[in-house]
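In the two complexes that follow, chain A is the common piece, with chain B as its partner first and chain C second.
Let's turn to the complex of A and B:
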């Protein structure tokens, strides 16, 4: 009797054991090892101390790489938001058949490999690429513009690659907004722009925050796109870590900058989360 | 733009509203079919009809959310056909209220004033005045989610009225409220409507609500206007069989028209007996098959006399319903007839199987329509 009346919201913790074990083995353990490694003073082992952190934080080159990586994330996120919000809005406003089409276009990047997508951008942005060829054909330029191996190129390519991460949460947020809100606003005398600014935009904020969070996290860690489009001249954190670990075999320093990167990302994520919590107040009405 | 006093001379309230031959087509189907309603300034009109009859569609056309396929909407004698919703001076209370969840109650009420460029101080004082009108002056700082259903509805009403609209539209505003609260809010809305003198359209599928609140009721069926009359006329003198059965309950009995003139008719019922009725609707000749509608309170149950020339039957069931007693009687042609009598007059329930005779409590209560 008592068993059948059991509260269905409580579960046996043992059921979570396999997942917990996997989590500890493959996530927590490497992280602990990484942390331990970062305190080694010398690649050949030896003492423990803060040497690596002091080296990183005292080195303007390293700080520059960290700064430009975090800043790259901001630029990509802003561009993705500016391009993605209208797409999500269009999706919300379209008839059913057009919605399917828009959704397919949005999801397409997820269905192809990152490497393929990135090489497509190499073709598009290259000296003899589609953009330069078109501009030259129209007669706007004589000599090809440098698009590949520029930060602008990296930002544009990343924005395209991460677009679904921005668009999907915003579509979800927009679809949760009662269509009567827009009608109520217009009948109270507001034009389209005011309705958007005062009602639709604030109510879609939870989706914007979620989309920005995902896009940001994905953009700053996008090793392949960053290195293929950015080329050799531009260095971002993922590549920097890779060089230190693989090429220079300086594992303690690689571990230390990984930890610094991780903490920086966590700080940014917490800020987003706080914003999300503020905006969630609007969401479920 | 917004006059300070509710009935100031510059107030646009109490405008006439004319729906002139409104038709709305969705593909091949007609949601609204040639509806014409001439509504007086300050009147409260209920749009009553079953689900899907086009009530909301009509409301959306008046508000400007939807452009009608055919016909004209005139407010105060001027056509508003080309105007978008934000320039129509219409107030709406939605069924789910649609209060902006990210704004306080006061911001909600001030929203329309803000959109009209009214300055902050006036916005605040005007919003406060509207909230006082709906007796929520003390709750301006709350968010809509911190309010009960009835309070949210009052806010929605205050928000709609704050911009001083010419026409107020209410789309099933009481549907989400429980019964006691609904009655309170019906009285409240009626009070505010009287006070402001604003022309109001109330959409409902609750006939009691329509009959008790409205000055006139427009009954719709499948996009067509069936009748547009004061509540008592809708109930006592329905224009069609649909109105007769949709508003209130009715017993339908088949028969043959014996004779009729402008004020009355006589029908021989298939179930037995001759009954005096109101003048038949439409062009009916003596000898035509007709349907007679008798409301349960139009009949009384009398002891059987054995006379075959009366409406005789057998009691199937008796139900005491508070102030009334309802009997279900199986009459000669097999139809079950409901009879409702005041309990003061009938203290005892009749046992099933009792043979009885049914008689109209007064002549010419029954309505007669051509047989379907």
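Let's turn to the complex of A and C:
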């Protein structure tokens, strides 16, 4: 009898074929072309070599652009985590009606285009914007502060624009924690702070890692927000690639820096993933 | 025929494919595809140029596919033997790139009824210029009481922290740098003086925009009071009630030819020619010169009137005198190096 039973734990791989075909056609193929392009020595083509990579990696300015982009991602991720975690925690602690409201507020930004959200920040950070107007009204400043076209402005705007990517995974992680753990912790004599630090925070680590990963990847590649709030004096990788590919039509160099960017992001992502595995072990311990 | 699952699937797939790739069903007769620029250009072309073309070409089908010059080049380059665009519109820098990459046909000048009426600067055999873009000084008349008269006014101490410029990614930003170089003894071949001048302008800079469109936002938000600006972009802002004015500095306005080209291997060369003829015709150019378009004509048969005559030049002779055309062949040779240098030196 056992032989006629179908094994329900394995699936026929053919089911994944359409997706796999689409993936190969629209993702893997362009990536291979990009890689091939990055080895061309000049835009006219012909010769192949490592010229573009040498040009990028041997140039402190280009490495600086890469470094500042990766660092921007770290700053945005930290700020988003600091602002987002309390929101997720509040969501977890609220009655049902308030949960719906918080969820709506978290999701609302996702329903508007990123261009619109970013333009709102242009208005908020401008010379006559909300921040400057309020500070001047309280009397803290006489002349408007420069907020737009500064790195601080970019970090704040990106943190808000990417907030849902951080909050949603943390909400999921928090909702999986058995409420009895917190009760048990307090029965055993731990205060709120200790319970949070020793029980809630470690158990929500997988959500934090997932949220950080999403926010980080979105922040460093956010071409629109980076250029609208950052302006033309701040150069991050997406703008650098656009400039080389579009304005200068230097496709091989643009392809090479795209690959370098991709690899560096993969490195960061695998660090996050390793942390995620560690945190799962920690959470299960 | 039996209605089996198999041939039901086939029919569904075929219909789906035809829907997803409409090119399959067109075979040869595709409409003329004109890649104009986005925004006000598209509106102007849709309202004036397209009707004029359809009248001249017996109601032939035409599709406007607005995109940036550089994107037009990329698209045509990717499918040279069967280009998805028939007519391209270019700023001077990209126009020369397109010609150098062998993407455009020479214009059939001998067949053209209007080519010889164009001002000399607009007579380009690889693709004539139906319009100009003009760059002068833009300022906020509410905060700048005495209208500026020279590019040098941007360096005045009273504009400390109030000046906006764009980086060199745009035609406007690059043209402005060349003009600065010329003012300080440089040229298209020697940009050094311009970088020195920008270095001196640093304390005055409130913003270096990533593209000219951002300058409009910056004026709107009161972030900047004075900047180099495109005449047509300013007219749009003005029409929306933003306090901005445009003046031609005494050094002359920086003028860019906007050239129009027949794409090499286009299946619609005849129609493409008719569209370009319509764009060069005095009727179309005269209409586009009026409100709200205010596009500078290149056909000498068009008498300059209205707002253009008031702010820019009263006739074509004055245009020739007041407009500075730059040598984009020279500029293109070194533009990559300039952008590189601007990236490094002007970065915060």
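Methods note: the second predicted complex is superposed on the first by the 277 of 285 C-alpha atoms of A that agree within 3 Å, B and C clash if a C-alpha of one lies under 4 Å from a C-alpha of the other, contacts with A are read in each partner's own complex, and residues count from 1 in each chain.
Heads up, the rule we're going with is that a contact is a pair of C-beta atoms (placed from the backbone, for glycine too) under 8 Å apart; a residue touches a chain by one contact, two chains touch by 3 or more.
Given the structure is predicted, the values throughout are model-derived calculations rather than measurements.
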Touching partner for A:194 - first (chain B), second (chain C), both, neither: first
Contacts of A:116 with chain B and chain C, given as first, second, both or neither: neither
Touching partner for A:138 - first (chain B), second (chain C), both, neither: neither
Touched partner set for A:184, first chain B, second chain C, both or neither: first
Partner chain(s) touched by A:15 [first = chain B, second = chain C, both, neither]: neither
Partner chain in contact with A:202 - chain B first, chain C second, else both or neither: first
First, second, both or neither for A:126, with chain B first and chain C second: second
Partner contacting more residues of chain A (chain B vs chain C): C
Chain B/chain C common contact set on chain A: none
List of chain B residues in touch with chain A within their complex: 63-65, 84-88, 90-92, 94, 96, 98, 100-102, 111-112, 115-116, 144-145, 159-160, 163
Chain A to chain C touching residues, read off their complex: 61, 119, 122-123, 126-129, 146, 148-151, 227-228, 230-235, 239-240, 243, 246-250
Chain A-touching residues of chain C, taken from the complex the two chains share: 68, 70-71, 73-74, 97, 161, 166-169, 173, 206-211, 214, 217, 221-223, 335-336, 339, 343-344, 346-348
Touching residues on chain A, where the partner in the complex is chain B: 178, 180-181, 183-191, 194, 198-199, 202-203, 281-282, 285
